[in-house]
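Given below, in the form of structure tokens, are the structures.
Shared between the two complexes below is subunit A, which has subunit B as its partner in the first and subunit C in the second.
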Partner chain A sequence: MDGGARTPQLALEVSDLHKSYGAHQVLKGISLQAENRDVVAILGSSGSGKSTFLRCINLLETPTKGAVRVDGELIKMTESRGEPAPADHKQVERIRSKLAMVFQQFNLWQHLTIRENVTIAQVKVLGRSEEEAIAKAEAMMEKVGVADKRNHYPSQLSGGQQQRVAIARALAMDPEVMLFDEPTSALDPELVNEVLKVMRSLAEEGRTMLVVTHETGFAREAANKLLFLHQGLVEESGDPREAMANPQSERFRQFLTGNLK
Partner chain B sequence: MGKIIEILSQYGPDLLSGLFLTVQLVTLAAILGFLLAIPVALGRLSKNPLIFGLTSAYSMFFRGTPLLIQLFLVYYGLGQFEFIRDSILWPILREAYVCALITFVLNTAAYTGEVVRGGILAVPKGEIEAAKAHGMSSFTAYRYIILPRAFSICLPAYSNEVIILLKGTALASTITMMELMGVSQLAASRTFMPIQVFAIAGILYYLLTLTITRLFALLEARFTKYITHAR
Partner chain C sequence: MTNLIEFLPLLMRGLQITLLLAVCTLILGVLLGLVLAMAKLSKNPWISRPVFAVTNFLRGIPEFLILLIIFFGGTQVLGNILGPESSITVSPFGAGLTALTIVFGSYASETFRAAFQSVPKGQLEAAHACGFTRWQTFRYIQMPQIWRVAIPGLSNLWQGAVKDTALVSIVGLDDLMRSANQAAQTSREPFTFYLAAALMFLAITLVSMWLIGLLEKRANRGF
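This part shows the complex of A and B:
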């Protein structure tokens, strides 16, 4: 358990992940390996467990069983009152800061300005100086095209702008892996593209990304790995273009045709 | 009208010093009570049964019994305990002013604790998750995200609590305090003009309430501008 099985070439390794709520099994053993620069698209109909899977990786949900390694480092687990629990909160906090997450509902901190949203975790978590954090924030806001909103509050922005701020906030942490939890699902259709465009550019510059999404177009064009979850299991995986052109499982075929309707 | 001028010329300075004492009591009790309310709220949200039990018992006692009884218990009750009379704190604790302040702080903190607890519960879950997901510890998340957000959410309800506290300080007159109510009672019994004197006192309390609402309007404008901007 001392990280003896270090596999440094993998940015993220998830083995046999289970998650149950009482008797209800949501995840029944999911494994995933992401190398640096991989873009993994995770597809699945609602209730397939794809968001839960993502949330188990950064311990927003506690996995019932299984192992998560980030950059070779195993997240240590223990038991507390018969329930699995993280063994070392400091470790979890450190690892979370390497796994920046972008949420479906953006979840920007409403009482902080856009620039404060992008700087605060840099200062309070990574210990960067205020100047350093602001410089980083400015660069990231520039990158996603929201620099002119720096002194606005989140409620003054459109959904697409808010989601781009959330991406800037995540990027500012210099994460090893970025986790996207249905980043375009809460957006009006005409705002989806501005967010996907930013995500495509991140994929192109070689960011390691896990993207839970309904956007099959994004999965096909920007991802190099695909995971299709169904009822808590990996139903189909492989190269997105091949898998989508020639789905092996009946469920994935149905999913694709349903989605293309 | 002539009677009121007569009262003001005779008891004006007394009424002013009573007013000043009332303002002092309210300000101190509000500030100290608010600071105490934060740990009370956190305790009432704690999963630790001991912490939850202690803070809940405290909160239920001070919200469940009349302020007047609490005031008497502290003022007349503390002296019943020998170890308190013998302690070096006794010269401080036997002061009516200190007893009144302690009671008001403990009383208002119990109510304000519930206000703050409501504010904390109203912070959107997603924003707390975002704090965690960016590696913040519980302390950091509370300090920079949850409590500031809860503060702005609970400000309107808290202004109510401070107004109630202001009215509550009138009870300090029963333990010899010459705050606004105490001075008014004295003036009323000496001048035999209770209606006029208490009308003046009522107007002064009203003006204080007006001041409190104005102060909170300023605070709200400052701390909720992130909400009002969007409208």
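This part shows the complex of A and C:
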């Protein structure tokens, strides 16, 4: 019980997270502590488990073992038919609303306009009034530069615009922590920068962010913590600039040279 | 012509019953189809397999036969249970509605099953990640996108259901078909009255095609 009082309040604390699919172990015990205003870059080659790790934090995947605390609150787990499962759906829904997620494939709701995409969860999940939600949505769309698209549908927008809308949708929830799952990987090269620019400005604002990415440039310039995953374990961690200038592990060195070529 | 005017109120009453039966079939059949589709998509084989078996069976036998089983068979079974002096019988409307609904529902379950599977998983994940409950995800994200895919299939089933109501006249429902029959026999002008009935069925079909077109346009926004 005194765990929360001992350390300064962490925005997010993940301890010893495991995830297996049958006999296949994807995550073999990963821990992470993020304070408010931290920007954590999570790097790793494909198959390293970095996306699975992110998806375990908001329970899109159910961790096999381990603990997740958001703002000091432990996500309660139980077992159902021999499998781990969330114990309290209400709690999961409440915590998810504090952990906004931005997906690789944007996942904007196709049947709703841009503005509806940014308002609906505010109204249905946070219980804001329609006017309040629209005001918030307008401000967030303005911030990421898509306000002129408010009455368009997602299919009418470019990938970069869609991803910026997805960021606005996440921001509108006033999240404690933002989770980015390879937000630029599905974009054409010339559209990557407009999204990275928005993410940099969020980092400068002091948003707490976890960013799974291949963009080593973003990790170096915008992040203050780095986690390099390899085969389900943390292979290297620390300050991004130091770690990237002077990698301790062979794997990370190889990853960096492969990426910087 | 005088005959047509004389029998028009009879035909209109029949038309009302036909429409009532068709609309009730549509509403109950859509609900049944949704529930059956969800059961078919259940991860639990004890739920999905029996539902597949029953709907395949129902789709494999003539609707007319199902109607006769429910109407005559139902009265017989009720009589056996309640004793010979019981006066409870199955009404033509009730039997017709039951038969048409379970057939509509069986076919609609396949339409909805395909529609459920057509919604990309990411759409639901985004809703979950925002903190939507399961019901909210279903209601606000899944359902609107399911409609879009299901409308053409459901519209075919609706057209079929409208025409199949004519079968229920055989067990004594005073629908459009039976009213037309009565008028044709009484007036000895079968051509006039069967043609009148045909035009009324056609009118229902045309109006509903127009309405479905509007619905489809609305559901397709954004795609």
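Please note the rule applied: the second predicted complex is superposed on the first by the 253 of 261 C-alpha atoms of A that agree within 3 Å, B and C clash if a C-alpha of one lies under 4 Å from a C-alpha of the other, contacts with A are read in each partner's own complex, and residues count from 1 in each chain.
Throughout what follows, a residue touches a chain if its C-beta (ideal position, glycine included) is under 8 Å from a C-beta of that chain, and two chains touch if they have at least 3 such contacts.
Predicted model only: the values in this text are computed from it and were never measured.
Once the two complexes are overlaid through subunit A, subunit B and subunit C clash, as defined at the top of the document. When the shared chain is aligned, subunit B and subunit C each come close enough to touch A:M101.
Within the superposed three-chain model, A:E93 lies in touch with subunit B and with subunit C [touch as defined at top]. By the touch criterion defined above, A:K124 lies against subunit B and subunit C together after alignment on the C-alpha atoms of chain A. In the superposition on chain A, A:W109 contacts both subunit B and subunit C. Shared contact residues on subunit A (touching subunit B in one structure, subunit C in the other): 58, 60, 89, 93-97, 99-101, 103, 105, 107-112, 120-121, 124-125, 153-155, 169, 173, 179. Residues 124, 126-127, 129-137, 140, 144-145, 148-149, 152, 223, 225-227, 229-230 of subunit B are the ones that touch subunit A when the two sit in their complex. The part of subunit C that touches subunit A in the complex is made up of residues 120, 122-123, 125-134, 136, 140-141, 144-145, 148, 219, 221-223. Looking at the complex, you find that subunit A touches subunit B at residues 58, 60, 89-90, 93-101, 103, 105-112, 120-121, 124-126, 152-156, 166, 169-170, 173, 179. Looking at the complex, you find that subunit A touches subunit C at residues 58, 60, 89, 93-97, 99-101, 103, 105, 107-113, 120-121, 124-125, 153-155, 169, 173, 179.
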